[in-house]
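Structures incoming, each one as structure tokens.
Shared between the two complexes below is chain A, which pairs with chain B and chain C, respectively.
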Partner chain A sequence: MARRLPRKDVAIVGLGWTGSIMALELARAGLEVVAIERGPWRDTATDFNIGTAPDELRYAVRHDIFLRPRQETLTMRNNSSQAALPIRRWGSFLPGNGVGGAGSHWNGQTWRFLPDDLRIRSHLTERYGAGFLPEGNQIQDWPMSYDELEPFYDKFEYVLGISGKAGNLKGEVQPGGNPFEGVRSREYPTPPMKQGYSQELFTKAASGMGLHPFPRPSANLSTAYTNPYGCSMAPCTYCGFCERFGCSNYSKSSPQTCVLPALVREPNFEARTECEVTKVNLSGDGKMAKSVTYIDANGEEWEQPADLVLLCAYGLFNVRLMLLSGIGKPYDFSSGEGVVGRNYAYQTGSGATAFFENVNFNPFAAAGSLGAALDDYNSDNFDHGPHGFVGGASITNAYTNGRPIMYRPTPRGTPTWGSAWKKAVRDTYQRVTNVGAQGSVMSYRANYLDLDPTYKDQLGRPLMRMTFDFQPNEIKMANWMAERCEEIAKAMGAKTTQLNRLTTPWNVVPYQSTHNTGGAVTGADPKTSAVNRYLQSWDVANVFVMGACTFPQNAGYNPTGTVGALTYWALDAIQNKYLKSPGALVQQ
Partner chain B sequence: MQTDDRSLMRAKFAPSTEKPKHAGMSRRSLLATAALLITTSGATAKVVTKVLPWRPNEVYPVTPVVPGGWLFFTADEAAVVDAIVDRLIPADELGPGAKEAGVTTFIDRQLTGPYGGHDWLYMQGPFSSNPLPTQGLQSPLTPRQQYRQGLAALSAYCKANFGGRGFTDLNNEEKEKLLSGMEKGDVKFEGFSSRMLFNAVYANTMEGFFADPIYGGNKDMAGWKLIGFPGVRYDFRDVIDNPNKPYTLPPVSMQGRQAWGER
Partner chain C sequence: MSSIVKKDATKRRSRLRPLLALALLVAPGAALADPDNLVEITRGKALVTAGDCVACHTAPGGTPFAGGLALQTPFGAIMTPNITPDSTTGIGSWTADDFARAMHDGRRPDGTRLYPAFPYTYYTKVTRADSDAIFAYLRSLEPVSNSVNRSTLPFPFNIRSSMAVWNGLFFTPGEFKSDANKSEEYNRGAYLVEGLGHCGACHTPLNAFGANKADRYLQGGVVDNWTAPNITNDAQAGLGKWSVEEIVQYLKTGQARGVIASGPMKDVVENSTAKLPDADLKAMAVYLKERGAAGPSAPSPVAASDSRMKFGEAIFVDTCAACHVRSGEGIPNVFPKLAGATIATQDDPASLIHIVVTGGQGAATATHPTAPTMPSFGYRLSDEQIAAVVTYVRNSWGNAASPVTADTVKTVRGKVTGAAD
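Up next is the complex of A and B:
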């Protein structure tokens, strides 16, 4: 029997990017805020200490700071005719855990989605006709426009101090930036990172092909920076330990570097760590959340009443908590009805590996967001008519790291061990680079999340089941992108190249991307979305849902920039609309 | 122990096969309970409010592996693992191999820690007998069980197929042929997947050869020197400022360099 705690104004589930931003702003607005986080507290000085942080085995291979599958995992299958089995060890994606969440261990590539991405169904239909959309798709417009989100993208980028070069300032295209991007109200907070030799070659080659390369927007900061919350950051040292690691240098934007130092000073804020929220408790009619139940580090159960409940866990776990709590109608694949679990999407990865001679690429001098990118083949920046697919990819030449347990490429056909392997590993390390395409994944009826009928977590609650595979549209798109990557790799002067097509069916073993989107999507119609345009549950008005789970489908970019913009957008609605008049912000 | 006891405590529903140093209490939770107040009505959560829960000099280092002896392997098992890793990464004109780099010690110590018991993984049943290839790890066998049973099966296979000889008695050509067969899964052991054993040793060999030497492998940073990885210098601004130039400084590990004196 849960013991009941005194009421708070706001209960926040999860203390990563979205939870910490919400907590800080709402605490500053005078509300009593409690954040309940199932992982431990983490901070730079102790958890990301320079004497222990650059440890590839501990963090990258053994997954020290990630969620332990023993505590919670998902089951997976490629289609609904198969039996799902648990993901016993993380592979394809790596959910975070603890204070900071995925915002601690990310690479830091911080994009805005394009204006067309946010009205993609309308745009594609207008340009190509409705018949052009792929079979079985459930592609939806976002219920807010790029122009509406722009001030909130800007705000998030200035909290993080993102390093980049604007490509479109108030409608004027800027040399050196991304000419395809949406209008920006001002320049990036800090200048772009320096680039390596490989990016020099890429930029020259791509420019020569008439493409438009630019340094990609980075949360590994090029210079020292103090953000609007008064949190200070130091310049990146290109150490090559970003993704899967915390940053020892205070150089990578994270809740630890950008928000928590300000947040803990708020006297009406409290974080409870190592406490797992197990359920959001609803009123008798199911229309209001009364409280959240959580289990503390000693296994004791508590009930925390709150007026406002914000789901700020990793997107997948927000969806599971909604399913376990009865917030919104679960998606039913057979009837196509219901919304929670609907429109799960992901990210494609394809490209080309380029082998050079007589170069020193020094791949260890790297950063999670170092790299040159181009958007000529992203979204609908090119005519899809002749190609028969929709969607696109950002194409990048980058080194995120040269850590040797996981990064020691050899040409295809090299023996996997023995002296010949040893020689190939030695000879290849310095002279290989990659041109990669990170592509969009549309939403489909057949890709979804629901509760698993067989497998349970340690508390006996059903695991969430992921049913996902790459569909023909995405396979076609990603493989076309791989060819574009190979063209660029050849123009860079590669002696030999290898085409890396999309691996199908989707396999849970090799790491691909922690860009899991959808499941609680935002939309204008409660029949096809779980939350309204302010990320408020259609069904339970005092529950708001943050994260990439709200994306109606995924674009050809990393999601965090858009997750941050949506957070500030929802926060604005909470502060200026909801708190003044609690209730549904959009009438059904 | 390959990582700190606190990590084990953190997975609060994840009882470990390893006992934390302070029974039931990690250093972090000792500090936390000392530093933090009991909440209203006595909730026992770790509560953070008003100040960052930061203590000077509080870090979570790994315990350096001291080579010598075996904690998991029997002497016979260790000899076989030594012989396998010696073929996977042989010593040659390019430098030391996995055996010289201490990879067997690395594997032995890894198997005694949380990795060896799959302590952090989801190990609840039912275990499927026919998973899809896309569904990844589905075996109930922990790495410790894989090595113990797999090496026994290898030993029995060798005795039966090589005139009573053990793996260590085979010549290099015989060893390599057998390992190739295990890698492809062509070789059938009695009651154990030869491929599962190969995959375990292969993955751990690569980890041990290229991980920080603090874990017992990659002795003298042999793996890093082979490819030119400078280790944990944590600052390569000079490299970025000098594109396409060879990097000439020697590698550094988490414990520094031998030339800086024994610790």
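Up next is the complex of A and C:
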């Protein structure tokens, strides 16, 4: 039996980017805030110490700061005719664990979605006609515009200190930036990172092809920076231990570097770590959340009453908590009705590997978001008419790392062990680069999340089931992008190239991307969205849901920039609308 | 409730509970905070902050003011007493006169002598009115029952009456006397520095009897194997190059001139100076700047061609330069500047060795909340390597200080890691 604790104003589930930002701002607004986090406390000083942080075996191979399947896992299948099986070792995506969440172990690529991405259904229909959209799609406009989100993108980028070059300042296209991006109200907080030799070749080749390369916006900072919360960061040393690691150098924007130092000073904030929220408890009529139930590290159960409940866990786990708590109507594939679990989407990866002669690319001098990119083939920046697909990809030439265990590129067909492999590693390490395409994934009726009918967790609760595969539109798009990447690779002077097509069917084993989106999408219509335009549950007015689970479909970018913008957007609505007059912010 | 994991910083916050809440929490029967006395209690709280009483009278992870910290002295460890108003284990049975006598004369209510680890040699200058206000504040705290073993000093130092001789030699009860030729601000600063602030307790060297050397007041000392630098106006080792504003900024925010407070000064800044009124900080800075320069003259730097310097430079480039930068300039607000840092040029190298061996965290304040960390390198640098790199830091980029030997590193390492000498 859960023991009941004194009431708080706000209970936050999960203390990563969205939870820490909400906690800091609401605590400063005078509210009593408790954040309840499943994993351990983590800070730079103790957990990301330079003496132990660059340990590839511990962190990258053995997943030290990631979620363990025994804590929570999913079942997975490619389509609804299959029986789903549990994921017993995380592979295709790696959810975070502990304070900081994925914001601790990410690479740091911090994009804004394009204005067209946010009204993509209207845009595509206007340009190509409704018949152009892929079969079975559930593509939806976002319920807010880019212009509405812009101040909140800006705020998030200035908290993180993002390094980049603006391509469109107040409507003026800027040389060296991304000419396709939406209007920015001001320049990036810090200048772009220094690029390597490979990016020089990419930039030159792409420019020569009439494309528009620019430095990728990066949360590995180019210079020292102090953010509006007073948190200070140091310039990146290009050590190449970003993704899967915490940064020991105060150089990668994370909750640890950007928010927590200010948050822990707030007297009315409290963090309860190693405490897993198991349920949001609703009032009898199901219209209000009364409290959350959680289990602490000793296995004891507690009930924390709160006036406002913010779901700030990783997107997938927000969706499961909603399903387990009865917040919103679960999506039913057979009828197409219901919203929670609807429109799960992901990310495509394809491209070309380029092998050179007589170069030293020095891939070890790297950073998670170092690189040059171009957006000529993203979103609807090019005419899709002749191609028969929708969506696009950001195309990038980058080294996130050249680490000794896992970065061992060899040409396809090389033996995987023995002297021939060793020789290939020696010959290839300095001479290979990659032109990659990270592509959008549209939403479809057939791709969704629901509760598994068979498999349960250690508390007897059903696991969440993921039904997902790349659809013909995404396969066509990603493979077309791979060809574009190969063209650029050849123009860079590669002696040989190798096309990397999208691997299908989607498989959970090889790592692909931790950009899981949808399942609790934001929208204007409660029949097709779980949360309204302020990320407030349509059904339970004192529950707000953060994260990429609110994306109606995924764009050809990393999601964190948009997750951050949505967080500040929702925060603004909570502070200026909800707290003044608690209740539904959008009438049904 | 004990199973609820709370962040340390949140706990620490409990020290700052609003006074009224504190008053409400006082147990029946204890000296109740008199609401009419709120002004006095508030004033007392500010003085307790200025004196940084909490730093010594709180055990690691313990309740504030409930004592139990093992204070290391050259003669052994002294456990600090509980100064909450608990009548059996704290000062619940004390009167304001008892308290004033402790502050002014260094004696307990029964007349026995306190050890000067309690800096009554400084507090003797605190006025009776301020002493009463401090007492009023301490009486308003929640009484905590925490029995502290007050007899941890080894023979012969455990004989308290021996302190009579010590006091005869090194202690004259007195009062603060203002200097009529100086400004009111200077005198306010002097009262704080010489009295409650007890800055000299750390920043003045000790003689063989554990008394501050009066003739070397504020010329730098060593506390708990950390160097407390010269804070006279000396140009090389002291505050000569610091402006009044920079000193205020340092005390207020924990950072100035590229330097970040660490070691025991981190606690002083966080618990005390960051919370003082700006006017008091400025007064202290004016006093420190105006009272003059003193200290040994700076030595010539060890030549860059010296083999120890070459060895040290190689280690610096490999191990230190990624953060502190090749030029020793550091990174603003994150990695301290070593070029021109007074901590690098004190005659005693304890702090530099200490922080290389154990690592350490900088001060976190409202202005600079990050509290960056120096990692420990004791696990992978030998005594010879540390001696070389510390010598290099002490003699590069315009710094000049005596070279450091491997034996000195070995001694400090033994003390700070608990390893056998």
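As a working rule, the second predicted complex is superposed on the first by the 588 of 588 C-alpha atoms of A that agree within 3 Å, B and C clash if a C-alpha of one lies under 4 Å from a C-alpha of the other, contacts with A are read in each partner's own complex, and residues count from 1 in each chain.
Heads up, the rule we're going with is that contacts are C-beta pairs under 8 Å (C-beta built on N, C-alpha and C of every residue); 3 or more make two chains touch, one makes a residue touch a chain.
Quantities reported herein were computed from a predicted structural model and do not represent experimental measurements.
Shared-chain residue A:Ala224: touches chain C; no touch with chain B. Judged by the touch definition given at the top, the superposed model places A:Ala420 against neither chain B nor chain C.
Looking at the shared chain after the overlay, A:Ala262 reaches chain C, while chain B stays out of its contact range. When the shared chain is aligned, chain C comes close enough to touch A:Ser232, but chain B does not. Within the superposed three-chain model, A:Pro86 lies in touch with chain B and out of touch with chain C [touch as defined at top]. In the superposition on chain A, A:Tyr250 makes contact with chain C only, not with chain B. Counting the residues of chain A that each partner touches, chain B and chain C differ, and the larger count belongs to B.
In the superposition on chain A, A:Ala271 contacts both chain B and chain C.
With both structures placed on the common chain, the touch criterion links A:Pro404 to chain B but leaves chain C unconnected. Residues 41, 45, 49-51, 237, 248-249, 261, 264-265, 267, 269-275, 296-298, 300, 302 of chain A are contacted both by chain B in one complex and by chain C in the other.
On the chain A side of its complex with chain C, the touching residues are 41, 44-45, 49-51, 224, 226, 229-235, 237, 248-250, 257, 261-262, 264-265, 267, 269-275, 296-298, 300, 302.
Residues of chain C touching chain A in their complex: 3-7, 9-10, 13, 16, 322-323, 331-335, 359, 361, 364, 366-373, 375-377, 379-380. Note for the complex: chain A touches chain B at residues 3, 5-6, 39-41, 43, 45-47, 49-52, 54-58, 61-64, 68-71, 73, 76-78, 82-83, 85-89, 91, 98, 194-197, 200, 237-241, 248-249, 260-261, 264-265, 267, 269-276, 296-300, 302, 359-362, 364-366, 402-405, 408, 416-419, 421-423, 425-426, 429-430, 454-459, 505-509. For chain B in complex with chain A, the residues that touch the partner chain are 2-3, 6-7, 10-14, 28-29, 32, 39-41, 43-55, 58-62, 87-90, 92, 94, 115, 118-124, 126, 128, 131-138, 176, 179, 183, 202, 206-207, 210-212, 214-215, 223-224, 226-230, 232-237, 239-241, 243-247, 254.
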